[in-house]
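After this come two complexes, each holding chain A, first together with chain B and then together with chain C.
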Partner chain A sequence: MTTSAASRPPLPSLLKRLFNQETFLAWLFLLPSLIGFITFYAVPGVRGLYISFTDWDMLSDPKFIGVDNYVDMFQDKQFWRSLQVTFYYVILNIPLQTVLAIGLAVMMDRVTKSNIIRGLFIMPWLLPPVIVALIWLWMLDPTLGFINNLFQFLGFGRQPFLGSPDQAMPSIALINIWQYTGYTALLFFAGLQTIPKSLYEAAAIDGASERRIFWSITLPLLRPVLVFVLVTTIIGSFQIFDTIAVTTGGGPIDATRVITWYIFEFAFQRFQMGYATAVSVVLFLILIVATILQMRILRADESDLA
Partner chain B sequence: MSSSTAATPQTYTRQRHINWGKLLSWAVIILALIIILFPFWWVVRTSLSTQREMLANPESLAPVGFTTINYARVLGQVDTATAVAAGGSGQQINFWLFLRNSTIVTVLIVVGQTFFSALAAYAFARLKFPFRDKLFFVYLTGLMVPAIVTLIPNYLLIRDLEWDNTYMGIIAPTFLMSPFAVFFLRQFFLGINKELEEAASLDGASKFGIFWRIIIPMSGPPLATLAILTFVTTWNTYLWPFLVGKDESVRVLTVALAIFRSQTPQGAPDWTGLMAATIISMIPTLILFMLLGRRVVNNIQFSGFK
Partner chain C sequence: MKKNLLLTLLLLLLAMFIVACGGGEAEEADSDTATTADSGSETADSSSTDTAADSGEVVTIRYALWDSAQQPAYEQCAAAFNTANPSIMVIVEQAGWDDYWNTIQTGFVSGDAPDVFTDHLAKFPEFAVKEQIVDLQPFIERDSVDTGIYIEGLADLWVRQGKRYGLPKDWDTIAVVYNADMFAAAGIDPAITDTWTWNPQDGGTFEEVVAQLTLDANGNNGLSPDFDKENVVQYGFIHQGSGGFSGQTQWSHFAVSNGFQFTDGPWTTQYYYDDPALAETMDWYVGLIEKGFAPPLADVTSLGPQQLVISEVGAMTTDGSWQIGNYVDNSTFEVGFGLLPIGPNGRKSMFNGLADSIYIGTEHLEEAWQWVKFAASPECANIVGDTGVVFPAIPSGVERALTVREAAGVDVNAFTDQALDPNGTFLFPITDNGAEISAILDPTMDSIVLGEADAATALQEANEQVNALFDE
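Let's turn to the complex of A and B:
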């Protein structure tokens, strides 16, 4: 049997493998998803790259212009400004959200495993960002908003929040922290459950302080979850759109015109598809670099438990 | 270091310390719950207030001039004159229609994406065919491409197909698969014991028979988890349906809410109506959450380990 298989010429064997029943069935199983993947992931990816090298207003045919869009982009002050605004948002959002979430998770871990409390924590995460933005637009309203009434009551005076160039971005960051901190805390909480209790007992016997235990045991062993959380939340933050679309529309002036809003304006308000696609390609590259950097810095593939 | 004389006072201080720690933990958790839950109450309170009286008394924590007319006018139950008198824009808004559209779009995507992704995942997990692992790797790269990169080409494709402002256009990109769904289900299918399938195969069951009668019934929990995640994502998404489905006949809730917010009758948005609309839009998610909250919470633990 082995001899006959070995002596068979390779081409018919490949054909036979391609057309045997199981292979045929497998392709049948795959067909719908393959159509979806090719049509809405693979082809658009390649087509997007091509469009980024063209000048196209959607009325006439696209004109190939080489790297002109990229050259224009790097010379456009507004492009750099939108990058700066995006980074500012990420820096306002991520560290505070992550620290709050770890703190909440550690405290929950100490006193309660209640499903109800955890359920309430993720309620904001379940809502559409559009609704969360509407709720906070109302909460932060300059004249009638609850927060301004509270501020006045406490003697802080009324604040413009989303209406001021200085406060708009911090306000949007706080809105998103409200929406996602509970969810992130649950991820850390789940991570805490994987740390062996024996480690804490050993540390307690050695007389280690709570602070020492947190820095030497809890935090290092949370690293796999930390990597997951940071990579996903940072990628998400770079693409913030819905909140800005509902609250500020990129304003006041350009204080919240993040990179996705910049792309949106060029694509769907000025109809410069080539230029808009080029910016999205650059955003994609930034995300790849950010992800690789994080994986390196946080040594994502190693575990302290092993 | 740890002499027996030092042990007693140390245990004593530790005891006190933990009690304070627990108290502090509860205080922080309760504060976090108040911050998370209060905005929900503020939305309810606003939606049940009379517009004019609320403007005169913005600080009240309870509804001002209790009324349900905001819900009635948002659902198109009162005539235009009454709606305008209650603070509406006077435009015909019918949330029943948008609720129906959101439901149709979400149900189609949840059913289609889950079913077709399960077929593909089964082929990747259990069937043998050439280039299987290479193809799976290609699918995985789809996980890493941010939505904004494929957004513009996908929009152009839907426009070329003249599917804009149809349900088909809104559901097309996510109906046949999502890389995450295939990845998630393949992981689960790989873990199912092969013996059952082999026994069924000996009894003459076809591959599809095995998939439909054995694999699917055994995969209730992961399929439900995936369906919930897909439901929440689809129900909440804004940018894609905004780009391809602005027409009233197919407009979904998130898009309707953003448009509703921008209709500003007397300078300021129609807050009481907007908050009533917000509550109506939240209801399906909240019902699902109450029925399946425990699963959602557990699912978060699952994805944390990913």
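Let's turn to the complex of A and C:
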């Protein structure tokens, strides 16, 4: 900043420019969320970074221990295992949920005009996640659950679902897909409204098939929304917690001990807040990298409409 | 240029916030240590308490417990306490086991834990080390409370190095819970529970009974050569899951009656999970599932083993005395309680006691103590005993609980006989590092009972990790 001191306008005029009417208004509007951001995100974030370099049980004073937490973490097999489990969940959850949601959105847009039917799709999202998890926990119960009774009635064998290391994670992924697909579809549906109808009319005149219309018009023009949805749902997916807390508690064995549950266990059951925070920092970095990659790959800042 | 300025402004703002928050925290920490240091002497109680007491206002004490069945009993106690001490009001809070401990522990951190809470032998050592619970010894001496009124041994479980962290409220043992109708249908005389035997090799007469009570879809029982284990409609034995580090209602009674012991006694620093006596027991336990006599682990984890027994999925289980009411009240069949089988090393049940502890951050230490004293008194023990939900720590309360159950036609002597047998019980393991040990043993036991790990190898490995905790 000092290098270009000569070309800098004198301070009063700069302040004037900074607070000319328009910028002033902009800041005024930004202020509430800026305060929220600083108090609830920036400050705790910076503190968190500090805590991650300490040994802290939350009850006595934190002891600075440098990068020991990070060294321990990278040597802990369970940390790697929970990362693996988390990625597994994201892979089970995101692709299927996104494809289903796009399909739903297109149907909401092209097939039905009924607001009631459109509203029905987001019903599961309106339920509190804990209730959803509890309902599915009971329905999926191996002996007394509805689904297994249905399976037996149809002649399939009983399935352990949440009680088996192999089926627990897919079951949780399906529960969450059930809950969030409608909401995700709503976002896509909103995105579809921004595509000019004239393009569809033109396609209809040219005699394009519904499938061709989807691949050549709908999907490319939906891309900015797709990026937004993918970024937010993938972040949400990495942070899955409530469903697991209610249904499996990280088990059986460690089949559903995702990174957030691993953090929770260390922070609140084992009183190792320093270590838990270090893991959170790593999760934060993973999410940043994942987000940047997605933005790059999907060219988030460009629109094909322009 | 402008961007840079904005950035600087932002950073400046951020720095201000950090400094402001940091300052606030330091003050907070100071006042925290002050209260902690002072809480030993009563006179230095926080000023708000004094004013409250002076002006004759009612002080509210929050009391937490995890067993919803006991909530009405303790609400009665609280009412009786309030009659005697009109200036103190006790509010009973309840949360299920897992949520309970999360709430208590996060409450310590936020300073919002209940004033008095039901404490567990697996948890209190850590709370004591982290200085979160009050040493009751000075109060006991001041008020000359007689700790000899409790059933032998219960009070001393809560003492460490001259400090006492709880006053006993109740105790529990383990017995066999069975469906008397299924016993009758299989032609089994329930009296067999007085003499049945068990060993990890062939399961003894206990396993014979289990096999006889297991039925497949064709009506064959587990002893029949035509028994189809893929098509079981009634399990002979509902196990209680994998049991984590204590196996309290799951495997501890089998393992100890086979010669296993957890440790050399309270506060020792070595565990013996690698004892072959435990591995053998677990092999047998998993074997029951493989033979089709007991349900797979997944079946008991979500809704719980009690629900399976009540829903008549299986004929019997092993469970703790605090569950008596659950079985009796919710079953449509006749429930019976029988003694555990006699193993190579005798008939053994875990003996566990609960106590009330005071949170160190309470603003009403004196009132909290008054409540703890009352909850551990014969008066409250009798109130709890009259509901029959648990066995109170005081013999007169136990008598009442037995009377109530007898009047209802339920014989629960299996639990009390076991407790009275001088060689019939062993203690819940009391050591440091409870949370860490639990974190190691939970997944280990899960993988053994799921049949995914070899018991001997997995336990050996877990035991090394556990004992390493004490080397640090």
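Simple rule for what comes next: the second predicted complex is superposed on the first by the 262 of 306 C-alpha atoms of A that agree within 3 Å, B and C clash if a C-alpha of one lies under 4 Å from a C-alpha of the other, contacts with A are read in each partner's own complex, and residues count from 1 in each chain.
Operating definition for what follows: a residue touches a chain if its C-beta (ideal position, glycine included) is under 8 Å from a C-beta of that chain, and two chains touch if they have at least 3 such contacts.
Note that the structure is a prediction, hence the values are computed from the model and not measured.
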Chain B versus chain C as contact partner of A:Glu265, first or second or both or neither: second
Chain B versus chain C as contact partner of A:Thr39, first or second or both or neither: both
Touched chain A residues, chain B compared with chain C: B
Which of chain B and chain C A:Tyr183 touches, first, second, both or neither: first
Touched partner set for A:Gly163, first chain B, second chain C, both or neither: second
Which of chain B and chain C A:Leu144 touches, first, second, both or neither: both
Interface residues of chain A shared between complexes with chain B and chain C: 14, 17-18, 39, 42-43, 47, 58, 137-138, 141, 143-144, 268
Chain C residues touching chain A - in the complex, by the definition given at the top: 1-2, 4-5, 8, 13-14, 17-18, 21, 29, 98, 101-102, 105-106, 108-109, 126, 130-132, 295-299, 301-303, 307-308, 311, 313, 435-436, 439, 442-443, 446-447, 450, 452
Footprint of chain B on chain A - complex, ascending: 14, 17-18, 22-23, 25-27, 29-30, 32-37, 39-45, 47-48, 51, 58, 103-104, 107-108, 110-112, 115, 117-124, 126-131, 134-139, 141, 143-144, 146, 149, 153, 178, 181-183, 186-191, 193-194, 206-207, 210, 225, 228, 235, 238-239, 241-242, 245-246, 260, 263-264, 267-268, 273, 276-277, 280-281, 283-284, 287-288, 291
Chain A-facing residues of chain B, complex: 1-2, 10, 17, 21-22, 24-26, 28-29, 32-33, 35-37, 39-40, 42-43, 46, 54-55, 58-59, 116-117, 119-120, 122-123, 127-130, 132, 135, 138-139, 142, 144-157, 172-177, 179, 182, 207-208, 211, 232, 235-239, 242-243, 253-254, 257-258, 261, 268-269, 271, 274-275, 278, 281-282, 285-286, 289, 293-294, 296-297, 300-301, 303-306
Complex contacts: residues of chain A adjacent to chain C: 1, 4, 8, 14, 17-18, 38-39, 42-43, 46-47, 57-61, 137-138, 140-144, 160-165, 247, 249, 251-254, 265, 268-271
